[in-house]
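Encoded as structure tokens, the structure appears first; notes follow it.
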Amino acid sequence: MLLNEGQVRIPSGCAIAGIINRQGQGFGGGKIIDCIANMHQRSNGLGGGFAAYGIYPGFAEYYALHIYFDCKESRNDCERYLTKNFNIRLQEPVPVRKQARVNNAPIIWRYFAQPKEECLAYTQLDEHEFTARAVMHINAAIPGAFVASSGHNMGAFKGVGYPEDIGEFFRLEDYQAYLWTAHGRFPTNTPGWWGGAHPFTLLEWSVVHNGEISSYDANQRFLQMHEYRCTLQTDTEVITYSFDLLMRKERFNLAETISVIAAPFWSDINDERIKRLRRIYGGLLLNGPFSIIVATGNGLIAVNDRIKLRPLVAARKGEFLYVASEESAIRVVEAHPDEIWSPGGGEPVIGLLADRENLLDLAPHNDSIARPA
Amino acid sequence: MAHNIMMPAFKVQRDEERCIRCGVCVRQCANNVHNLDEDGWMWVQDDKCVACHRCAVLCPTRALNIIEYPLDFRGNQHWTPASIREIYAQAQSGGVLLSGMGNPRTYKNYFDHLLINASQVTNPSIDPLREPMEMTTYLGNKNHHSCGEKPQLKLDIPLMFSAMSFGSVSINVHKSLAVAAKSLGTFWNTGEGGLHPDLLDFGRGAIVQVASGRFGVHPDYLDNSAAVEIKIGQGAKPGIGGHLPGEKVSQDVSLARMIPAWSDAISPAPHHDIYSIEDLAQLIETLKVATRFEKPIAVKVAAVHNITAIASGVVRAGADILVIDGFRGGTGAAPMRIRDNVGIPVEMALAQVDSRLRDEGIRSQTSLVISGGIRNSADVMKAIALGADAVYIATAALIALGCHMCQMCFTGLCNWGIATTRPDLTKRLNPHLGSERAINLLAAWKHEMMEMMGGMGINAIESLRGNRLMLRGIGLSKEELGLLGVKGVGE
Amino acid sequence: MTIINAADYDNYELLQMLEKMPQPEIQISHVNGQRYIACGWKNNKRLILQGTVGNNLGAFAEGPQIVVFGNGQEGVANTMNDGQIIVHGRVGDIAGYGMRGGKLFIKENAGYRLGIHMKAYQEKKPVIVVGGSAGAFAGEYMAGGTIIILGMNSNQALIGSYCGTGMYGGAIYLRGEYPSRNLAPNLKKEVLGADGLAEIKDYLAEYVSFFGDTMENITSAPFTRLSVEKKRPFAHLYTGFVS
Amino acid sequence: MKVVAWTEYCLGCGLCEIYCAAQHDGYNGNVLKIFKKGRPMHRSRLLKAEQGTWLNTCMHCTHAPCINGCISGAIKRDPNGIVYVDYERCVGCYSCVMLCPHGHVRPWSERHQVLKCDLCRDTGLPSCVANCPNGALQLVD
């Protein structure tokens, strides 16, 4: 009997890519599909996905919930729960097109929702925390329902198949986003569950990731102390929660956050503050090979593990920043970048929207929900 | 360093009534345990003895006996003599404890808790002496979509000789096994140390290894082979690399490994071009391209906790043959702590991996070969019934060649001419005799297997593969039976 | 010379076609990410590649002459036995892993783990020359051969940390300083004058002939040579033990 | 017939000499007895040189100089071609010792006779061949 992600930990290798227009100008999904398709050989057809930011400008103040259902009953159950806790502005199926190589798709809907005032008042949670808990509740307690994404003005599109086929399936060319990330997956085994594909998201966070975190259980047990439940048993979930804890909750800036998750060796740390951070948050050091792209509405950051066990290439062309596992994936959409380089281990590539540069901060705080229209 | 406080591990007993001062023991012991003075005085140095039994076996009057040193520590269930001696050794040297061969500890051996079925009345048993009995098996990708296109290995017997590098073992071990494999219609494995020029003619019967050190790997080596095996790990030391000390890198070893003589040969822990599963897919493809898709590509991994996921990944990465080596697998040298504490039994790994690959519908894309402590034909039968396509043996083959399991392979002073590269010791293994003994062993096993299969009413090895109904567990918990996927006795 | 447009074929079609082509010199344009080019080749064919070449270029090869006008990715010259690869750009990680022979010239930067476990054997002496800088772990476990890092066409540090860790043969030449505190315990470093460059003069001349700098310019800065002090860095790591 | 030594696999252990001695003179291969009670005299000698060790033993030549030179007709050839010493006739003149170009015949001074390999003609497979632990000795036609 094969177990889904969430019931068993499934390591995987992968290809990743990300593109941001730092002026917040939207562009269609064709570019990111070309990018990830170039690295076809890095995946094995058991998972592909995309995250897109800025795609729902008309609903920017709503949480855009992309939810996968196994059957009608799970949709009914989930909608009952949603209507009890959220005001739903619009609900509709996510448009898809038939694609010969994409099978067994779940029922995929999206909901533009805001937590009900009375629910916030009753639970005394801020709306992010409230929504985050609602997402965790749906994933854990409503059988057959899975929240693929839940941020403002963004969405995750993922499934079982090669990423280029998934992109076609979700008609990504119809969306205009200023920030796209993509993932081609090479899981070591999977029952073919759409929820298990990447990117993994929480609120506005999305993570695509290549590699296997050897410290997974140490990390997840640390996160448990901070009330995160790693129900999916994936490395990506741990990465996302680590960013959420450090940046959204603890309000560390990017440099500090990177100094925790890809901590320099003790012998290389001179700064007392960084030393202190490592002493306290040593449990969040992500050990093992990884290259990740973490994105929010503010921008993206790409980073390798501290001894760079996975490939990562970045390039700049005008207002565009590209990151990918392989240079060819960038060249296929931008043949002549202004600059192209391989970042070192633990050396982040940061691409923030031009008006967020001073933030040095990826996190969506309550007080900074302003987004490009 | 002050006086060593370690007492000897063994005591050499010489029966003076029988000793004729012929000096055979003196001449045969590479550890210089035996000494004969000019005045005819025989004396021994017990602390140098490793209990390899060479002297005792060759003594023409059976005057020698070797026993565990009788001086024992005061009884203590926790601080056993071994644990105390290990501390003495490390306190004296500051070194990582090294040992040879496979995990010798008392972990449960699941082969010994499985029993084999036989026919009675409802279907007839078969007499292998007079009726046809097919032992032929093919290894490779047998996916029905690609059958006929993918290269396969044909085995006349579902047994192969497992990887042992030249350098860790002598050239005469390679010669013995290469000749035996050819005669038996099966394959031997070069290990990671390259192929010695003397054995070029046996390359086509060899599975050649590509390991992290890439010793002796070049286009001709890949071409002149039956299959290529990427060695990710081995059961005796999962997760770590290898280290052939310069003392063993003789001129001959240098030829095969293609490194200067007397330099250390270090195999890194990982392949540095494989840090993730898609990198394995890449190396598999690289080797397929380099061999023009003519050779099956095998991937050998150690049986570890996450073996099912690893196996699935390896198969999906394109491996035609998946080799799983259990924690009882032998080695020329391994840090003792790793050998004794890392990895899992191959029986469990095999049962779980076979089930997992079938659940995922990808079992036919690969052949499953297991290794690690296979002692006899019954172990082979049980492995095949649990789901293996074939079985690799190495320690059993070395024992057939004379190995006495003293576990001191790493010293290079093997008195049986096996784990050594010293010419005077190497010549102690005559490959003509060695190949004969290896052939005898496998021929005997083959016959025993045919008898057992006949007893089950099965006359083709394919019908045994994955036929777990032919097994029953004895003395196992419900959970263990579940993990092995077999019923309990009487069920 | 035969010219192929790589964009017209998928990766395996391209490889198959190359395998069958008898021409001694082939030019391929619009290469972008195609893997395994010249893998396992045993010939002296000359390949001219334009674009970004995919992983494992020239892996396990013995003899081909490959010129890349563009960049390489991971695993260039992986376990190469002989031949020559000239990259007029940068390369990714693990270039020259386990290389036993032949030469690899890179105009710009090399990624992490350059030339690790490189080894020499008899007449085979692998050489890597990097015009730019190299990432961490360069020459790790190196057992033989020569790595030269010039740090010229780069805005990064000449070399990353852990250079030559576990190295037990061969030599690494750096055009510039190497801080003593970073020196692996088994290595020694020497600052070389112009006469110290005799051993690598030919390689530098080749570099100049490919990439067009001048010998004077290259040799105007002092070189540092890292080589093995203790030939057997791990000789006392283990203890034999009769249990 | 003769015993051929395979230098490549000779270990130099010396068991050939020991068993050779034990096989003769009525000891029937009992090593202990000959060494404890008798006077072990081996017929062939293990040679040691820089290039290795090997058993130096009679080749039972077709035109054996020892037979031709024997003054008492003590050195004979049996129907199998084995050249042996008839101790009833040997008078210890040592002509054969001098005539053998390979030194395969040795004086047996205390009995004033000579020693040479007889391929254990009374007991079957030569004892040296039977007891070589590494198959380095072979009986060939």
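Order as written gives the chain letters A, B, C and D; numbering starts at 1 within each chain.
Everything below uses one rule, namely that contacts are C-beta pairs under 8 Å (C-beta built on N, C-alpha and C of every residue); 3 or more make two chains touch, one makes a residue touch a chain.
Which protein is which chain? UniProt says A = Glutamate synthase large subunit domain 1 stand-alone protein; B = glutamate synthase (NADPH); C = Glutamate synthase, alpha subunit, C-terminal; D = 4Fe-4S ferredoxin-type, iron-sulphur binding domain.
Keep in mind the model is a prediction, meaning the values are calculated, not measured.
Colleague: Among the chains, which one keeps its Cα centre farthest from the Cα centre of chain C?
Modeller: D
Colleague: Calculate how many whole Å lie between the centre of chain A and the centre of chain C, each centre taken as the average of the chain's C-alpha atoms.
Modeller: Centres of chain A and chain C (C-alpha means) sit 36 Å apart.
Colleague: Centroid from C-alpha atoms only, then distance chain A to chain D, rounded to Å. What do you get?
Modeller: 87
Colleague: Centre to centre, by mean C-alpha position, how many angstrom separate chain C and chain D?
Modeller: Result: the chain centres lie 65 Å from each other.
Colleague: With centres defined as the mean C-alpha position, give me the chain B (glutamate synthase (NADPH))-chain D separation in Å.
Modeller: Going by mean C-alpha positions, chain B (glutamate synthase (NADPH)) sits 43 Å from chain D.
Colleague: On chain B (glutamate synthase (NADPH)), where are the residues touching two or more other chains?
Modeller: Within chain B (glutamate synthase (NADPH)), residues 282, 285 contact more than one other chain.
Colleague: Would you mind listing the residues of chain A that make contact with two or more other chains?
Modeller: 41
Colleague: Give the residues of chain C that touch two or more other chains, as numbers and ranges in rising order.
Modeller: Those would be 35, 55, 74.
Colleague: Determine which chains touch and list them pairwise.
Modeller: A-B, A-C, B-C, B-D
Colleague: Provide the residue numbers of chain A that touch chain B (glutamate synthase (NADPH)) in the complex, in ascending order.
Modeller: By the definition above, chain A touches chain B (glutamate synthase (NADPH)) via 1-2, 9-15, 41-44, 46, 186-189, 191, 210-212, 289, 309-310.
Colleague: Name, in rising order, each residue of chain B (glutamate synthase (NADPH)) that touches chain C in their complex.
Modeller: Touch list, chain B (glutamate synthase (NADPH)) to chain C: 8-10, 47, 49-50, 82, 85-86, 89-90, 92-99, 212-214, 217-220, 222, 243, 245-246, 254, 258-260, 263-264, 266, 268, 272-273, 282-283, 285-287, 289-292, 333, 335-336, 407-408, 410-411.
Colleague: Spell out the part of chain A that touches chain C in their complex, as residue ranges.
Modeller: That would be residues 38-39, 41, 268, 307-308, 311, 313, 326-329, 331-332, 340-342, 344-345 of chain A.
Colleague: Would you mind writing out the residues of chain C in touch with chain A in their complex?
Modeller: 11, 32-33, 35, 51-52, 54-55, 71, 73-74, 90, 92-93, 109, 111-112, 135-137, 160-161
Colleague: If you look only at chain B (glutamate synthase (NADPH)), which of its residues touch chain A in the complex?
Modeller: 275-279, 281-282, 285, 306, 308-310, 312-313, 316-317, 356, 359-360
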